[in-house]
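Before I ask anything, here is the structure I am working with.
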Amino acid sequence: MVAVLLDGLSWLCLVAGVLAALIGGIGLLRLPDVFSRMHAAGLIDTLAAGLIIVGLVLQSPSWTVAVKLILIIVFILFTSPTATHALARAALHGRVLPWLGDRSSPSEGAPSSKA
Amino acid sequence: MDFPGLFNYWIVIALMMIGFYIVISQGNLVKKIFGLNIFQVSVFVFYISMGKVEGGTAPILAPGFATYTNPIPSVLILTAIVVGVATMAVGLALVVRIRDAFGSIEDDEIAKLEGDVT
Amino acid sequence: MINISLLMIMVATALGLVWLRNLLAVVMFSGIFSLTAASLWVVLGAVDVAFTEASVGAGIATVLGLASLALTRTEHEKRTRVFHLPALIVVLVTGAALIYGTLDMPGWGDPDAPIHTHVAPRYIEDSLAETGVPNIVTSVLASYRGFDTLGETTVIFTAGVGVLVLLGRGRRYPVANPRVAAGGGPGRAPAAPGSEGAAVPGDSGEMRFKAILRVGGKLLIPPILLFAFYTQAHGELGPGGGFQAGVIFASAFILYALLFGVPMARAVAPASVLRGTLALGVLIYAGVGIAGVLLGGNYLDYSVLAHDPVHGQELGIILIELGVGITVASAMMTVFFVFAGQDPQQVD
Amino acid sequence: MFGFTALGVLLAMALVLVRGLAGPTVYDRILAVNAFGTLTVLLIAVHGFLSGRPDFLDIALVYTLINFIALIAVTKFAKFAHLGGPFEQRSWSDV
Amino acid sequence: MISVHQPILQIVLPLMAAPICVILRNAFAGWLLALLVTGGAFVASLILLVHVVNEGPVSYAIGGWPPPWGIEYRVDGLSAFVLVTVAAIGFLSMIFARRSVEAEVAADRGYLFYTMYLLCFTGLMGIPVTGDAFNLFVFLEISSLSSYVLISLGTDRRALTAAFRYLIMGTLGATFYVLGIGLLYMVTGTLNIADLAARVPEMTHIRTVQMALAFLTVGLGLKLALFPLHLWLPNAYAFAPTVVTVFLAATATKVAVYALIRIAYTMFGGPTMFAVMPIDEVLVGFGLLSMIVGALAAVWQTNVKRLLAFSSISQIGYMVLGLGLADVTGLAGAVVHIFNHAMIKAILFMAVGCIIFRIGSADLRDIRGFAKPMPITAACVVVGGLSLVGAPLTLGFITKWLLLQGALDRNWWWVAVVIVAASLLALVYVWRLIAAAYLHPPSERVAAVREAPAPMLLALVALTVATVVIAIDGSLIGDFAVVTAKQLLGSGE
């Protein structure tokens, strides 16, 4: 019984993780400028990675594997935000202005600001 | 459901030729070095892919596994990767020195500058 | 199925490299190319190679590429020659010759190809009995074909010394050839290394940029070093070994240098110590071989090192992996410190 | 199950690669490289389970570290165009 | 009476000397260490040559593992012969080196220069003795990497671009070599040269083996600067420091020729492979082209080092021609020319080194009339020039005689005509050198010059005397080469 529950739960996590990754990917493509794309990239780093690794932890045959997986997710959750923060500061320093959108007319496909 | 036959090798050969093309055609010295890196990494992919055995697992002895992929290409490629990085380090150091001496890292500009000082 | 898609991603990356004019993008995509190649190798079962290629190809090569772009102050290639007829002809001829060569090759992954039947079986069956090391790649690398690895350690030693010769900052005394000892690397407008007055642009932006990263770095560097020692010791049982450990050890110091600046990193790992360890690793490796000769075996024969041959092999493998780790770590650190340590303000 | 996850991750990698190649500004490319690295880590972890040898997760761990260090280097290069600083007034000789 | 471990210790001692030289961190100590190590290697290689000639090939299993599994060192007649050449030139260059390096390389990099020199020496010594195809690649890479750095130490800024171009072409050559070995490994399953020699000759019909030979030939063709692939050589030898030019010009390309002979004849079984795939005609064609193009380009050079560099390309054409003739005398000509050309080029480049050390310029116009103030150097140039042309009673003549016989045995009379034509062209550019020495009155700067310092002159004179002594009794080398050629062609053993 527990095995079936574990399988079901991990299968759920994995599917959710893959969906999160795909949404992140599509978001990275369609969003207009760097700062909004950071949300999409963040989505991949945190949600997708977290769900998939939790799915794997549920399936892991031994404790050592589970510990390694947890270590990986801790590292990812620790390094990605730091790196994205550094990137955001660098983008600002590079005078990349966030796209504020055209309040007057909801024109589609506003020009993304170039560095 | 690995694609049998030689299709994999042909893709690897295409990769090699792209790397080889970058080395020959591009004028920028840094780009030549990274084209060389692409060419070498593709040759290593060719080596490792010939060591693969259908259904064989990584060559680390573990209970419950019978067939192992061939360890020898991995050994050869460990040597070749380090050789590749060593060549890249020396190449990039030379590029920096050339930039100092000639003021440019484009092949054609350097050739012009080289010509005048006989 | 996975390796086909990974190969496709690699082809896309390589083709992208031909068109990219922005050199920073070229360096980053070469990193992606190495990373994808490494994951392809994990799928194909060559785990040690994936370990090395990831840490060296995606890590060190990218960082070195960036450092050289910084030193040559170039962001964009002048003009990218996408179409270059003579090169295309040479490439097509070579490619055709290679494809002609593949026609008689054994198929992809079939178990009775010559390379799986002639020399390899003995390694797979007897390596545990003869060398006591479950990781066959490490046993072949260190013991059966140990001399190749000695040659390889010498190659990385050559690269370390080569970069020192080319870009090393000169010593501070009058020399016959003023061009070279001018400091900040030969041939550079002399910001005399001795003089303390080397104006240095440490603008405040740099400090603020590092505030969060420095805290992050301080927390991250110890685990990386610990992981490097784990990889060194774990080389026999799982993927790992001297090269991988050396590169990870060096990447911890490279991270330290990125966050706290090369002068601080130089204080931690001064040039004289690095030169000593660079040479020490090769001497340890070659010395183990000489010890084998003195104890009556052939060169690099570890079974004479201890009373029981298998213990001797294990001892020998651990010692030479240590030698390899020391040389690779100090070579990678030397190369990065020399590259990144150049004076930023160079008069053109 | 793991096969499906692996293919999903591969598809995401392809999408991220397109942004990397097309990315107008250099920061888009850095984002793409960061996301690509994380997805590769996931692919290796999933493949470990797919091939029944889950003890190869050290490689995924190394990928994370290397990805972080390469990213810091690229960001620092994008911001300061050199990797060595901050240079205090301290000189040293390499040779 | 040699110890069993001699083949391996000969390579490992220079290899260990390099890190020690880094730890010493002193230019004089580095030079002294290099001198002792290369001297020891020279004596040891002589003893090894005598031992191999008397008792036949020596085999040494490294690590105690039997050959196909472990790496094997296999020294036969040809290997020991090339080993002696490399060790002799390496030792004499070190006697020559000290003053010349002090003048051209910065003092704080002096000890690093000797480290790089020792590594290049190790790499070039490791190639002839190794019995493993991949180990040959590793040592090829050690020697190439250190020679890129050595070349870049030249004082002229064009040394950097020359080193970079050599790096790109050399690495492409090495990658082609690895590709060829990979193709070969795929169908034979082994990397040991003796094992390959047993398995490849009956596989010559397999297309992968044919392509492997093609890639190995192109790879090594890049390394030995065969005609279309020679673009890196002139600048590399012209702008490198003098000692580096002396050592590399005399040994690097010759070791690559040895590797090509070992692959074509031992690994692929020579004539059996040539019947299926006409590589020998291709090599003869490119050899002849190299001879003519090299000599023609050399005639118009004003810089003496570039003149000698182009003449090296022409002389390599002789070796590749001998290799392509694939009969006993032709192959013997190639084998003997490895030694002859090494000695001749070492003499000429050393003489030019002495001239540059004293007069400071390598331009033919600036060094006019150097025979008056530097008679000994000029005499050595004459001896070297005559041997280059192949005049009777000189080393060059032995090669020309064997090659002509080889060509006539295959009754390719037109090849013989081209050999004579190339020798005449060689006479033209040698005459320009000798005329510059004797027929012109020295300018005041040249007149005020003295002979080169004692050690440089000693090395030059020792080489010249050795060349003359060996040339007088030509049979000593000629017969050895014919015996080696018979071995290579016969059982390929």
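Per-chain residue numbering starts at 1, and chain names A, B, C, D and E are given in the order in which the chains are listed.
Rule of thumb we're sticking to: a contact is a pair of C-beta atoms (placed from the backbone, for glycine too) under 8 Å apart; a residue touches a chain by one contact, two chains touch by 3 or more.
In this text, all values refer to a predicted model and were calculated from it rather than measured experimentally.
Quick one: which chains contact chain D and chain E both?
Shared contacts of chain D and chain E: B, C.
Using the touch rule stated at the top, which two chains are linked by the largest number of C-beta contacts?
Highest contact count belongs to chains B-C.
As a test of understanding: of all chains, whose mean C-alpha position lies farthest from that of chain B?
A
Which chain's mean C-alpha position is the greatest distance from chain E's?
A
If you average the CA atoms of chain B and of chain E, how many Å lie between those two points?
Taking the average C-alpha coordinate of chain B and of chain E, the gap between them is 28 Å.
Could you grab the centroid distance between chain B and chain D? Build each centroid from C-alpha atoms only and quote it in angstrom.
Going by mean C-alpha positions, chain B sits 19 Å from chain D.
Using mean C-alpha positions as chain centres, tell me how far chain C is from chain D in Å, no decimals.
Between these chains, centre-to-centre, one finds 17 Å.
I'd like to verify one number: the distance from the centre of chain A to the centre of chain B, where each centre is the average of its C-alpha atoms, in whole angstrom.
Spacing between the chain centres: roughly 31 Å.
Quick one: which residues in chain A touch 2 or more of the other chains?
Counting only residues that touch two or more other chains, chain A contributes 79, 82, 86, 89-90, 93.
By residue number and range, which residues of chain C touch two or more other chains?
Touching at least two other chains: 1, 27, 45, 47, 67, 69, 71, 73, 98, 102-103, 105, 113, 115-116, 119-120, 123, 145, 148, 151-152, 155, 158-159, 162, 164-168, 170-171, 186-187, 205, 209, 213, 220, 238-239, 338-339, 342.
Where in chain D do residues touch two or more of the other chains?
Where chain D meets two or more other chains at a single residue, that happens at 14, 26, 30, 51, 55-56, 58, 61, 65, 67-68, 72, 76, 78-79, 93, 95.
Got a list of which chains touch which?
Pairwise, the chains that meet the contact rule are A-C, A-D, B-C, B-D, B-E, C-D, C-E, D-E.
List the residues on chain A that touch chain C in their complex, please.
78-79, 82, 85-86, 89-90, 93
Name, in rising order, each residue of chain D that touches chain E in their complex.
So the residues of chain D in touch with chain E come to 93, 95.
Considering the complex alone, what residue numbers of chain E touch chain B?
134, 137-138, 141, 145, 148-149, 152, 157-158, 160-161, 163-164, 167-168, 171-172, 174-175, 178-179, 182, 185-186, 191
In the complex, go through chain C and note every residue touching chain A.
205, 209, 212-213, 216, 219-220
Inside the complex, what are the residues of chain C that reach chain E?
Touch residues, chain C against chain E: 97-98, 100-106, 113-120, 122-123, 143-148, 150-152, 154-155, 157-159, 161-162, 164-166, 168, 170-171, 173, 175-177, 179-181, 186-187, 275-276, 278-280, 282-283, 286-287, 289-290, 293, 297-303.
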